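The following blocks contain the structures, represented as structure tokens.
Each of the next two complexes has subunit A plus one more chain, namely subunit B in the first and subunit C in the second.
After this line comes the complex of A and B, so read on.
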């Protein structure tokens, strides 16, 4: 584990930005997001968790898949420099791994590139993610529900802890190992540093609310399908997509052609299961015509379907949806209500 | 006040005057109330009424939420001044059966905009909040701040002349005396003074932040089309990506569709996860409508909307020059 003194942080960041497209939390008024930065002054190190998740860089809200003109098709070039993400929280680092399961890998046909998304892979495969331990989880955080923790080392290429005077960094993956090997002139973390990590970790964990076991919820969900509770929990939902668009793991998209008949671009743009049109069929029939069915879909996808296919929950407990929902539809409350429900199988 | 509200709602259930009551309950976060739907007398205890009750509940009577409103069902709804104006709009536009509604008015002194509170304390996390007559106290890890309530009231409340529902069946407490604000639209003057190029720049800058989540539209009581033009795909009227031209068509289209119908409740602005000043253009249009047609939406249940009626003595300067 190496130690980057805060007094050297500026130089460290400067050097990083020479070799990588460096992304870090940047404040923009009351908003915050991962943006490309050139120096340490641009980074806001006080942001507990960015309003917009790193997903917006790897799976942008809109991206051009290719441009066409007659029979000529032009696709975007691969980025020249690999990306380096500084300051990703463990929930968000895990989110990227979950997205990679869908976009980058294929469970059924792992060796078939036809089932891998080249746009995602061009960005994600070479990127280095530095997971920054969460010293002060927010009251909306619930990573402990879905197997995470503020100091989790489960995801990312590097792991770092911010102490009073320094950042302590250790590798988590091969990419991370190679990165740390390439650094020189930094001290190794001392015993005292390690003690302060243990202390910070204990404090951070004490800020979290008691966990609800997401696996128990997964077991329970199939029985709740027809439960009238869905009417109750979905009653106040206004079916906007604020929760999904700010979610670090929602990945549904639409593909559209924009332009004239023989000249234009094909774009991929986020879509959302909260919109009635998301499931409206050509016949006019909508299998999820009611808010109840759409809210149920979102909860089931996060806590059941994804688990059934990939073996874990698609929610990482970042709490963003809890914060932005205009009607305070709190996913944690929904989960608790479902667990308590006396649903017949 | 809250006690009186709960007792009234309990009475309405006991006398079988309502089957469902829409009101506000305590939310899961500080400074946050949440819409609740109650269908039995004992649940009246869950109702609250304070400066955090910012959602316009009228929205649940239309839209997709018509699933809540069955024919012949008697619905009670707790309303502030602006929510009450939405109900007047619905009555004028034949969206509700007035006789099936029990309108429960509450006197409103303005609701807070959480985003303004967070701005005030530079984004620190609020763990608890308490309210007094003219100020609020917010607390978090390592800080405790007192804020004047007028600094964090929703923009929609700052120059409001309609604190009580214009039409109601029961009123909890005394209707609040209006402040009789003379200049209702001081906030749009700066925008009006800009030349067209600067106005365009301001708008492009503001709306570039839009992520097209449609939270503004979906919480808006005046936006109740069964299918919004932006959701239609046969034909598709606008692009789905947050490209600025399409985004502006959505927002400006919405502004025009609610022209003379917007009750300026500010729900759109408070709901926006991208912090866009969404109310400004709506208020600019409302000001226009007031000046041209001497009309304010949602006040008179017998008056036709400004843009759905014609009077010979209306200003016609857009035709005559």
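After this line comes the complex of A and C, so read on.
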């Protein structure tokens, strides 16, 4: 484990930005997001969690799949430099791994034909993710519900802890090992540093509320299919889809053409299962025309369907949906209500 | 890496108006497309977009492809303006196909309605190309009214085929229209079937409500759950099991379907919705 003194942070970041497209938390509050930076001054080192997750870089809200003019079709080029992400919280690092299962591997069943999304892979495969331990989880955080924790080392290529005077960094993956090997001139973390990590970890964990067991929820969900609770829960949902757009693991997308017959672009844009037209077929038939069906679909996908395929939930407990929902629909409350619901099997 | 969103350019070499709302585009792709009957394609109208359609030609024909399309939405509006010589794009094929080897030596029942007849025509023509493999083919086709019946020219030939029993029904016969075949929803034709239901396969494709009642009737007749094959067409977009428009529980219609044995999906919630 190496130690980057805060007094050296500026130089560290400067050097990093020479070799990588360096992304880090920028901006405050609702304007905060992961953006490309050139120096340490641009980085918001105090932010607990950014409004937008790193998903917006790997799976952009809109991206050009190709441009066409006449018979010519041109795809987008691969980024010139690999990306380095500084300061990703463990929930977001895990989210990227979950997205990679869908976009990078997409094999829902053993006998499925493998599918790899070239746009995703061009960005994600070479990227280095530095997971920064969460010293002060927010009141909306619930990573402990779905197997996470503020100091989790389960995802990312590097793991770092911010102490009073330094960042302590250790590798988590082969990519991370190679990165650390390439660094020189940094001290190794002392025993005292390691003790301070243990203290910070304990304190961070104390901020979290007791966890609801996601696996119990998964087992319960099939029985709740007809439960009137879905009417109650969805009654206040306005189908705005803010929860999905802000979610680090939601990946529904739409494909649209922009332009004219002889010249234009085919673009991929985020879409959301909360929109009534998401499933509406050309005939007018709509498999999920009611809000109840759509809210149920979203919750079931997060906590049941994804689990049935990949063995874990598609929620990392980042709490962003809890923060942005305009009608205070709190997924944690929904989960608790579902667990308590007296649904007949 | 091959870009999975890349389209194969194709030229429209023929357009046939099947009914007031349905037309068939005959396409010549720049390179042959290998598909298995039951699989679907994404058709591109440049500058307008992409939408899923199932070919309606035999899968033994690889250098040409017919696609039968009803005028019903934004994209299909443009399809119905397309002319011979226009360039379109094709992406695919995607999804599962009809399991022809399970039909071998059997008496196959095909039950279809409305636009569902388009993919079934592909199946039917594929079967006819190797007709000796099958004991018999019973094709029951439903349409709203006589003028909505499609593939009118071919139908006469199908009726005369020695291995084929081809029956049609229309829901209603409006005044002034002529019809001397059956009247009623397509399932009324099931009584014409002489097939032993316990040991033979059936294929169902059509609007959701027809699929539901068709399947229920087949089960009542004694068809086995694993022998009923359903074409669960949804709003398929990406074709790769990613974008989630076509999900049914844990299945993607574009990847694990659209052709499912009923036994595989019967316990999924809301399959008929």
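The rule we apply is simple: the second predicted complex is superposed on the first by the 334 of 345 C-alpha atoms of A that agree within 3 Å, B and C clash if a C-alpha of one lies under 4 Å from a C-alpha of the other, contacts with A are read in each partner's own complex, and residues count from 1 in each chain.
The rule we apply is simple: contacts are C-beta pairs under 8 Å (C-beta built on N, C-alpha and C of every residue); 3 or more make two chains touch, one makes a residue touch a chain.
Source: prediction; values computed, not measured.
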| item | value |
| --- | --- |
| Contacts of A:136 with subunit B and subunit C, given as first, second, both or neither | first |
| Which of subunit B and subunit C A:198 touches, first, second, both or neither | neither |
| First, second, both or neither for A:246, with subunit B first and subunit C second | first |
| Touching partner for A:264 - first (subunit B), second (subunit C), both, neither | second |
| First (subunit B), second (subunit C), both or neither touched by A:256 | both |
| Subunit B versus subunit C as contact partner of A:183, first or second or both or neither | neither |
| Those residues of subunit A which subunit B touches in one complex and subunit C touches in the other | 254, 256, 271 |
| Touching residues on subunit A, where the partner in the complex is subunit C | 65-66, 68, 71, 73, 75, 102-103, 106, 108-109, 112-113, 115-118, 121, 222, 225, 251-257, 259-264, 266, 268, 271, 273, 278-285, 287-288, 293, 297, 300-301, 305, 308-309 |
| Subunit C residues within the subunit A interface of the complex | 1, 3-7, 9, 44, 46-51, 70, 72-76, 87, 115, 207-208, 234-235, 237-238, 240-245, 247-250, 252, 255-256, 269-270, 273 |
| Subunit B-facing residues of subunit A, complex | 27, 29-31, 47-48, 51, 61-62, 136, 138-140, 232, 235-236, 238-242, 244-246, 254, 256, 258, 267, 269, 271-272, 275-277, 290-292, 322-324, 326-330, 332-333 |
| Footprint of subunit A on subunit B - complex, ascending | 27-29, 32-37, 55, 59-60, 63-65, 67-68, 115, 118-119, 123, 125, 127, 141, 209, 211-215, 217-219, 227, 231, 233, 239-243, 267, 270-271, 273-275 |
